[in-house]
Amino acid sequence: MTKHLDRTEIGLLVALPLLICIAFVLPKWIVNYVHVSMGTGLVALGVMIQMRAGLVSFGQGLYFCVGGYAAGMTGKFLGVTDFFVLLSAGIAAALCLSFVLGFLLRRYREIFYAMLSLAISMILFGLLSSTEELGSTDGFNLPTASYFGWSPTGETARLTLYTLTCFIAIGCAIALNRFLKSRVGYVNEAIRENELRVEYLGTSAHNAVHLTYVVAAVVSAIGGVLWALPLGHVDPEMTNWTTSGQFVFVSILSGTGNIAAPLIGTFLLEIIRVYAVELSPNTWQLILGSVMLFTIIFLPKGLWSLITSKQKSSKKIGASAPKPGE
Amino acid sequence: MTTLLETRHLEMKFGAVYAARDVNITINEGEILGVIGSNGAGKTTFVNMVTGYLSPTSGDIIYRGNKITGKATRDITRLGICRSFQIPQLFPELPVLENMLIALTIAKQEKPSLFRPAIDRALEDEAHELLSHFDIDQYADQLIQTLPQGVRKLVDIAMATVAKPDLLFLDEPTSGVSADEKMEFMRVLIAALKTTKTAVLFIEHDMEIVEEFSPRCVAFYEGTILADGPTDEVLQDDKVREFVIGSEFHRTPTDAAPKEGAQQC
Amino acid sequence: MLTAIAIAVDGLGFAAWLFLSSVGLTLIYGVMRILNIAHGGFYALGAYSSAWAIGLYTATGSPVAFSFLLIPLAALIAGGIAGLLVERGILKFMYGRDEVLMVLVTYAVFLILEDVTKLIWGTESYIAWQPAFHFGTVEIVGIPYTVYKFLIIGTALLVGLSLFLVLNKTRVGKLLLVVIEDREISSALGINVTLFFSVTFVVGAILGALGGAITAPEISVSPGIGAEIIVLSFAVIVIGGMGSIGGAMIGAVIVGFARAASVHLYPPAELFSIYLVMAAVLAVKPYGLFALAESRKI
Amino acid sequence: MTKSRLGASFGSLLRNSTSIIMAAGIGVTAAFATAGTAQAEDASVKIGFVTFLSGGAAGPFGVPARNAAELMIQSINSGAIPAPYGTAGVGGAKIDPIFVDENSKQKNADYLKLVEKDGVDMVVGYISSGSCKAIAPEAEKAQKLTILFDCGTPQIFEDIVTDPKYTFRTGGHATMDNVAAARYLQQQDVSLDSIAGINQNYAWGQDSWRDFSQSVLQLKDGATVSTEQFPKIYAGQYGSEVSAILTSKPNVVHSSFWGGDMEAFIIQGSARGVFERSKVVLTTGETAMHRLGGQMPNGTVIGARGPHGDLAPESELNDWFRKAYFDRFGTLPTYPSYKMAQALLGVKAAADKAGSADQDAIIGALRGLEWEGPSGKVTMALANGHQAIQDTAYGTYMYDKDAGKATLVDIVRFPAECVNPPAGVTSIDWIKGGFQGAACD
């Protein structure tokens, strides 16, 4: 029954084989941008689910970095190269840290949530930048991943990692789609709209925010690991405010309407940047800024609204009641 | 009749101003009770204290024999005390149906799952049914922010009832409803509420409505209770006539004091 | 004791620069509820135009004393023009939009301003040291300090005082306070909110440019200085309470002293001292030290 | 019912994806188009240049390096460089450049794009050590000749890529800058009893200070560190740091500041007498000397990360380079320009020697190559012939007020073997071990 799979999820499942196929069809450099975009896209997803609760994290790079570093340090100091162990290390680190920090952050809203998350991420930036054992600002390199004792090299390694990344990214997206439609997901919407009423309906806004914060942290850490492994390198720039800022901008530009939006938006923005650099290596920021400005002016609800507005107009004809949450 | 709620010597001070002083009220199960008083008399403060939004400076609130003073709003809601608001507190950018669905989702105290959709067909049907009770199901797909004040008031009240409360506070349910629609509005409302055994306390400025719908009435003045008893007696009370009903049309300087003004809205 | 005095003077000097660089940001936020990332762009524009003007002026061999006039003039012209263009050309169409969206808009403007600055002045750095050296130094407990530093401190006090007087003692200021308090009511009262927004934004932009212009003689004006100031000034106004002029002053002093103390006592902490202070202040006072009062909902 | 819903979903999904697919499609077509044209011409060698074109490192490093690249490309293609580089092209092929901004979050993806989409034959670039650390393994994976022309970290061939095949570095690493600085101060009889450092709080600053302070501790018994300042990069305001240095009264102040940070420190420090009270050594000071002129205090010890700029020995090639650069850009070339020219001349020398611009031919010839750059002899001596060593030099700044000209006096040259660790020894072990095997004439 479709009861268990909504349209977005079906779309994502359909996209999965296509995504894997492009590794064989498209030129390697585009696949490469797709690959890293899945990593950073997951962080944008983490930002997006918080945005659903009206919370803008200007420090999501924190968990992007925690994921990457936890995986990297597991490899560097424990000599582990197994993909799943590294991924688990990233998740575990983010889980612990976000659980603790959540007690602080759940009390904050609006710009103060943004600034506090920023402050915490910048403290980590400072700490990592002055830790010479971890290569300071230059960071350090990660091992090539192995999979349950199998250590592919060269093209096989790249494709294995890419395929796994596709599976995990799509899996995360589906899980988050479920999360948004779960009780907590609805509570988050309600918090964004009117937190007072949420409390009066008999549930704790703090707990919902805390939970969302942890979920966002975990998915960002997964993004961090998936981004760092193909790169083979991590550095503190991952938790710098400029990195976090980009995640926020991608989420807003893509729109919070659909779980797939940040993933696609990340890739599109990356491609725009690549062509802006190619077109005008000295003033690409000007082009990027203008594109952003025009997007906001003409598509205030993000790029995804291009798609939903089309849907709405076609739906009117079908005259079916709009399903909430879709 | 069983006592549902009892307040003892409730006191609330904002700086030097008393918003409530020695407030003692008892509410019985299934009772309907009207509260009158001029702006700044402490009516909303009373509701705010009982529902946990404000913590009283001193005094006790007893609900079903247990002290609930100072408990969090959400915990009090879970005990079965709900409220509506003078200014509707809704989720303005969402459709009416979704407002109700959120309220219903939260009200269901089942074990929440992170990855199971919270909303299904059954819940939607329940939401539509609730809306029909209040005669507003035709607005189900409209955004709150596009609706007239009267409908918003009803949605606000409908949301307060989803948890099937034992005690419901309605803060000026008819404010924002045009004068000639007030009676009909209250009739729909009380009819909807009578289907359950909910005790209702409503704050009202229109004496006709109080007379019509509540057998008992409490009058507030400057944070204290001026009178409490059968509605016709209270409305005939000299002090009530002088300080409450009379002052509806001319504000005294204390009423305009900024602290209390902010308190009201 | 020596260290304590050094921390006090250094802290004050840093705080003065911080205050000048962030007061425009807090003003704009207070009135318009826009967290203006383009502020960094105005700062850079001010710094470049002042360094450029001073460079041109001193190249003529004219007396250095008059070059001081170029600093406020450069800020006024650069900040005024840029502020007006941004407000009239872009922001005007955006009022009423979501706060977060406005952050994004101003970020886009910032990116554009960065490259515009680069197109005008190139990537080479500009140096205009003459004013900073003109008055020489004074010694405090054996440490020489430039007189120019004290001029900056004086300017910061002057700007703070003027803003206080304008806001609290003039009719326009009082109307502005009403706008800050409640936008809807003030437009209902017949106040021309749009005009107030325009003026505030331009004044904020000029103040941002002044922050850059006045520090230009002490530094090397090079690409990227705008990005650095953004987070720093955000920290200052968040600590002080967003939208509060007095808060910005206190925030600047706290950050200034924290940084000076870490430099003198534990240099490795300099990198994150500011963020540590910000996190600490917010943990105790979640909305900053002088948060604007929120009106109660029910 | 299930089926129809599914079908509808598919339909809408397809409809909705059209725009996205179209956007991606445009990208792909464009990609193939450019790749096609690149293959059409074969008498050219396509080189990707990656330097900072935006951000704080653009002005002092990225843009001078790009300028030098433009000048050298034009001169190489037209055969305008003095002997032995008088032939046109590299190995007969003309250089076709493509410039990319190093200031990017996706450096590796950008690199792969250069290799895959733009089809470059080699990549020359990377100023930041962080970039080099990330790119070196990528280059080996992509099997593309990659020449790191500037970045300073010794780790590249010590830890990251220990058996390089495609990665070369044509500039010396940062260790020699700081070892030479310490040796220079000692030779000039500057008291090293108490030293202070002000370095940016990131890898470059931390490494520089560690190498310098450790070297001084080796060279001078009983030397003490009076204060170590680590302000944030691009901080710009150094009032507190200057006070801290002044109160700690060191004999020597060391700084590896660069660009705007260095210039700001010179202005703020000189205004308050730091340069009079202590001997200040600026390891990258050369980039600022012609810009600051009289503002740079006399007696400042200045380095150029190699014998570049004013520290370069006189030669026909150097004279040509300075003049050509000045004529074209209106300023004298600083060390990033020299390093870029050095890298491109290395490529040309290798290609000319092999007689081909083929990647394998260049790699084979460049390994262990010795060539003359504008700043003298360069030898690919370390890391299997992939890491260059070069002499270095330090001098003392002197401003001739009458002529309005900045000069360097007391220039001391240090042979490469004197200030670089021998092959197989890491820099810090070498310094702490008392410079074992250093050959300093």
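As written, the chains take the letters A, B, C and D, and residue 1 is the first residue of each chain.
Simple rule for what comes next: a contact is a pair of C-beta atoms (placed from the backbone, for glycine too) under 8 Å apart; a residue touches a chain by one contact, two chains touch by 3 or more.
Just so we're on the same page, UniProt names per chain: A = Leucine/isoleucine/valine transporter permease subunit; B = Lipopolysaccharide export system ATP-binding protein LptB; C = LIV-I protein H; D = Urea ABC transporter, urea binding protein.
Worth saying up front: this structure is predicted, and the values here are computed from it rather than measured.
The set of chains in contact with chain A as well as chain D comprises C.
With C-D and A-C as the two chain pairs, more C-beta contacts join C-D.
Centroid distances built from C-alpha atoms place B farthest away from chain A.
We define each chain's centre as the mean of its Cα atoms; on that basis chain C and chain D are separated by 35 Å.
Centroids built from CA atoms put chain C at 48 Å from chain B. One inter-chain figure worth recording: chain B and chain D are separated by 72 Å, centre to centre, where each centre is the mean of the chain's CA atoms. Mean C-alpha positions place chain A and chain C at a centre distance of 33 Å.
Contact with two or more other chains is made by residues 114-115, 118, 227, 268, 271, 297-298 of chain C.
Across the assembly, chain B contributes residues 89 that each touch 2 or more other chains. Across the assembly, chain D contributes residues 53-54, 201, 230 that each touch 2 or more other chains. The part of chain A that touches chain D in the complex is made up of residues 1-2, 7, 10-11, 14, 26-30, 32-33, 36, 126, 129-130, 132, 135-141, 154, 230-233, 235, 237, 243, 246, 264, 268, 270-271, 273-275, 277-278, 281-282, 284-285, 306-307, 310-311, 314. The touching residues of chain A, counted against chain B in their complex, run 3, 6, 175, 178-179, 181-187, 189-190, 193-194, 196-204, 211, 215, 321-322, 324-325.
Across the complex, chain D is touched by residues 2-3, 6-7, 9-11, 13-14, 17, 114-115, 118, 123-125, 127, 129, 132-133, 137, 142-146, 148-149, 215, 217-225, 227-228, 259-260, 263-264, 267-268, 270-271 of chain C. Every residue of chain D that touches chain C in the complex is listed here, in rising order: 53-56, 58-60, 62-63, 201, 227-232, 234-237, 239-241, 243-244, 246-247, 259-264, 267-268, 271-273, 291-292, 295, 331.
Listing the residues of chain A that touch chain C in their complex gives 51, 56, 104, 107-108, 110-112, 115-116, 118-120, 122-123, 125-127, 129-130, 196, 241-242, 245, 248-249, 252-253, 282-283, 285-286, 288-290, 292-293, 296-297, 300.
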